[in-house]
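Okay, got some structures for you below.
Shared between the two complexes below is chain A, which pairs with chain B and chain C, respectively.
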Partner chain A sequence: MRVRSTLGALTSIAVACAVWEGFARSGFVAPALAPSLEAIGAAFVRMVLSGTLLRHTLYTLYRVLFGFVLAGAVGVPIGILMGRFRRVERFFGPLVSVLMPIPSLAWVPVFILWFGLGNAATIALVFYAATFPVIVNTWTGVRSVNRLWIRSAEAMGADERALFHKVVLPGALPFVIAGLRQSFARAWIAVVGGEMIAATSWGLGWVIFDSKEFLRTDVMMASLAAIGMIGLAFERLVFGTFERRTVGRWGMVKAVRG
Partner chain B sequence: MHQIELRNVSLEYNSAASLVTALRNVSFGVDASEFLCVVGQSGCGKTTMLNIIAGFLQPTGGEILISGKAVKGKGLDRGIVFQDFAQLFPWRTAQRNVEFGLEMKGLAKQEREEIALRFLKLVNLEKFARAYPHELSGGMQQRVAIARALAYNPAVLLMDEPFAALDALTREEMQLFLVDVWRETRKTVIYVTHNVAEAVYLADRVIVLSPHPGTVKAEVRVALPRPRDILSVEFLDKQKEIVSHIVARK
Partner chain C sequence: MRRALVPFAEAAFPFVVVGILWQAFALFGPFPPKLFPQVQTIFAAFIRLTASGILPVHALSTILRLILGFLIGAVAGVAFGIAMGRYRLAENLLLPIISLGNPIPGLAYAPLFVIWFGLGNVPAVLLVGFASAFPIVLNTWTGVKAIKEIWIRAAESLGARDRQLFWKIVLPGALPYILTGLRIGVARAWRVLVAVEMLTSVRLGLGWLIFGAREFLNTDVMLAGIAVIGIVGLALEKLVFQKLEALTVVRWGMMEQ
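Take a look at the complex of A and B:
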C-alpha cells in the first residue's frame, strides 16, 4: 500500500513537471522568465549547498508553526465552547462571521504599524488566517457529535467535564482535524504573503519576492518548490499519520491510504 | 416492594398545534430479577416511557421509584442499551467502552480492567477486548453495549429494542443469549419492543401500551418454562393473546 501510494504521488508530480517543462520550452514566455526544470534544480541545489534555503525555510517554518499552534490553542477551545454553550455561540458567532471573510493580507499594513517589520507581524498574520477555520470546524464538529454518545455517557454518570474530555472532544475530532488541515494551508498562504511585505531579509516568501528584483526566476521557482515539498511532507507525515492513528483507526473516517 | 415502580407517570408537551399527551397515568411495578417487556405499536410512547425511566425526560406528572425511593434525573442505578449500534464510543476499544461507567464511578484502573474483562467474558467477547467497535459485527457491538450497561451494576437494565436493527438469525441468537445473561446476573430488566414473539420469548410479564395517549392496556403473565419452544401451542397462544390486546379497539 505504502509503495503504491508513493508511486502514485511520484506519478502525479512527474506529470506536473512534464507540463511545466513543456510550457518552459514552448517559447510562450522568454526562457529567463520560465526556467527549465534543470535550471530550477540547479538553483535548488545551489541554495541547499550554501545553506540559504535551510535558513529561509527555518525562518518561515518558525513563523508558520508559531502562528498555527497558537491558532489551534485558541481556536479549538473557542469552537468547543461555541458548540456546547449557546451563550458563547451567540458571542463569538457574529465575530467569526465578520472577521473570517477579511483576507488576512488586508491586515498586513495594520500589523506592520503595530508590530513593526519582522517576525511578530508575520506571526500575527498567520495566527489571524489560521484561527477561523479551526474555530468553525471544531464548532461544527461539536454540534455533530452523535447524541447517543452523549446520552450513553450521561446515563453512566458523566458530568460536564467528563463529557467534554471523554466524549465531545474525541467525537468532534474528525472535524477538528479537517479544521487544522485547512488552517495549516491558510497559514502558509498568510506566511508567504506576509513575508513578501513584512519580513526583513529571511523567509521563503521574502526570497521569492526579492528574486523578482533580480529576475532570478530559477530561485523563485526553487523556493516555490520548497514550499510545496514542505506542504506535502506535513500533509503526509503529520496530518496523515495523526488521522490514521486516531479517527482512521477508530473507523470514524475512511482512512486515506498512504 | 417492587424493585422499580412507575406511579401515574404522565407526559404532556406542547406541539405547534396543541397540547399532546404522550403518556397518561402509566403505572406498573417490576419485581427484582423480573424480566418485563413493554410492547405496543410504534408511536404508543414506549420509548418515551423508557426515556423517562432513564431520566432523559422529566415526566409532567407521577413519579418513578427505585427500591421505594423516588428518583429524579439520570443515575447509575439504571443501565440503558439502545437500538442503535452507534451507542458505543468508536474511539474506545470494547474493553474501554465497558470501563466507561466504572471510570465515572471513580474505580481504580486495575479494578476497572478486571470488571470489564469479566463482563466481556459474560457476553462471550473476551477475545475482542482490544477491538474497536467498527471492527465488530452489529450483534457483537450490541453485546458490548449490554456488557457496558451491566458492568457498573445498576439495579435495573433498560433496553430499547436492542436487537431490532439485527438480521433475523442474529436476533434469535441474541435473544437466546440475553436469557442466559439475565439468568446469570438476575437483573431486573425492562425491555421495550414492538415484536410480540420476542416479548413472549423473553418476558416473565408483558405490558401492552396503547397509543394516543400512551396508557397501559393490558398485562399478560408469561409463565412458560425456559428455554421456550417458539413453535409450541402455548407459545403461539400467548402471542395471539397479546396481539388481540394490541389490535382491540378501546
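Take a look at the complex of A and C:
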C-alpha cells in the first residue's frame, strides 16, 4: 500500500514535470520567464554547492524559529490562563478576536519604522503572525478538557498543581500541538513575506525577490522549491513526530498521518 | 438600560486598557511621536481619511480585488476538489502536486507572477485566487470523500441518476467541508492580498496605502489603514461566513453552531 502510494506520487510529479517542460520548451514564453527543469535543477545544485542556499536557509530558519519560540512562550501561557480564569478570558478574548484577522504583513511597514530593516522587524512579524493561533487553540484545548477527568482527579485528592500537570496540560495538548502547527505555517508565510519587504541581504524570501530584478527565474524556482521542501519537512517530520510521540502514543488522537 | 450597558463596557474594557498603555508609551516611550503617534492622532487621521473619501476608495478597491481573486480560487478549487473526490485518476494525478504546493506561502510566488503578468491588478488578483485555491481543493476533496457511502447507495437504489446524485447528495453532503475550506481560503486570500498590494504597486488599495505612507513617515495613516484592514477581516469572518453557515449546513442539521 505504502509503495503504491509513493509510486502514485512519483507518477503525478513526473507528469507535472513533463507538462512544465513542454510548456517551457514550447517557445510560448521566453526561456528567461519559464526556465526548463534542467536550468532550475542546475541553479539549485549551483546554489547548494556554493553554500549560498544553505546560508539563505539558515538566516530564514533563525528568524522563523526565534519568532516562533517567542510566540509559543507567550501564547501557551496566555491561552492556558484564558482557559482557566474567566477574568483573563474576558480581557484577552476581545483583543485576540480583533487583532487576529489583521494580516501580519500589514504591520511590516510599521515594524520597519519601529525596528529598522533587518532581523528585528522580521522576527517581530513572525511573532505577530504565530502568537494568535497558539493562544486560540490552547484556550480551546483547556476549555475542552473533559469535565469528568477533572472531577475524578479532584475526587482522588489532586491539588491544583497536580491537576494542572497531570490533567489539564496533557488533556489540552492535542489542541496545543494543532495550534503550534498552524502557527508555524503562518510564521513560515510571514518570514518569506517579511524578507521580501523588509529587505535584508540574506534569506530565502529575499533571494526570490532579489532575483526578480535580474530576471533569474531559475534561481527563483530553485528557492521556491527549497521553501516548499522545508515547510513540508517541518510539517511532516517535526510536528508529525512530536504528535506521534505524545498524544498519538497516549491514544488521544486516532489518525496521525505520517 | 443598565443591562445593555454592562456587556458593552465589558467588551470595551480591554481596548481602553490597551489604549491607555499605548498612550503612555507614546508619551513617555523611547520613540519620537512621528514614529509612535498618540491615540488621538491615529483617530484624527482615521476620521480625516474617511471623511475625504480616501480610506473608503482604497478599501473598496481592495475588497473588489479580494472578491474577484477569491471567486477564481473558489470556482477552481471546488471543481478540482470534487473531481478529485469522485475520480480516482484525478486524485492520483493532482493530490501529490497539491500537497506539495500547499505549504509554499502564496506570497513566495509573487515575484514570479510579477514577471509573468506584469505589475498592477492582474498578478494581484491571480495570486489571490491561486493562494486561496489550495485549502479549498483539499477541503472539498475531503468532504466528497467523507460522504457516507450509505447515502449514495440509498439514492442509487431509489433510482437517482448521476446528475441528481451530484446535486442532491454529493454537493450538499460535502458542503460543511467546502464551507470550511472557503473560510480558510478567504482568510488566506485576505492575507496574501494585503501583502501583494505592497509588492505589485497597484494604484489603489489598503496594502499600498500603508506601504506608501511609510515613505512619508505617516505612521498615523499606516495605523488607520491597519485598523480598516482589521475591521474588514473581522466583518468577513463574522458577518459573511457565520451567516452563510447558519443559513445552510446548520439549518439542515449537519453541523452545530
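Some points to look at:
Throughout what follows, the second predicted complex is superposed on the first by the 225 of 258 C-alpha atoms of A that agree within 3 Å, B and C clash if a C-alpha of one lies under 4 Å from a C-alpha of the other, contacts with A are read in each partner's own complex, and residues count from 1 in each chain.
The rule we apply is simple: a contact is a pair of C-beta atoms (placed from the backbone, for glycine too) under 8 Å apart; a residue touches a chain by one contact, two chains touch by 3 or more.
Everything quoted here is computed from the prediction, not taken from an experiment.
When the two complexes are overlaid on chain A, chain B and chain C sit side by side with no clash. By the touch criterion stated above, A:Thr246 is placed in contact with chain B alone, chain C being left untouched.
By the touch criterion defined above, A:Val167 lies against chain B but remains apart from chain C after alignment on the C-alpha atoms of chain A. In the superposition on chain A, contact is made by A:Trp149 with chain B only, not with chain C.
Ranking chain B and chain C by residues of chain A touched puts C first. In the superposition on chain A, contact of A:Ala158 is made with chain B only, not with chain C. Of the two partner chains placed around the shared chain by superposition, neither chain B nor chain C is touched by A:Gly116. Of all Cα pairs spanning chain B and chain C in the superposition, the closest are 19 Å apart. When both complexes are aligned on chain A by C-alpha atoms, no chain A residue touches chain B in the first and chain C in the second. Of all residues in chain A, only 146, 148-149, 151-158, 162, 166-167, 170-171, 173, 246-247, 249-252 touch chain B in the complex they form.
Those residues of chain A whose C-beta lies close enough to touch chain C in the complex are 8-9, 11-13, 15-16, 29, 33, 90-95, 97-99, 101-110, 112-114, 185, 188-189, 192-193, 196-197, 205, 208-209, 211-212, 215, 217, 220-221, 224, 227-228, 231-232, 235. Touching chain A in their complex are the following residues of chain C: 10-11, 13-15, 17-18, 31, 35-36, 92-97, 100-101, 103-112, 114-116, 187, 190-191, 194-195, 198-199, 206-207, 210-211, 213-214, 217, 219, 222-223, 225-226, 229-230, 233-234, 236-237. Of all the residues in chain B, the ones that touch chain A in their complex are 54-56, 74-76, 78-80, 82, 84, 86-91, 100-101, 103-105, 132-135, 148-149, 152.
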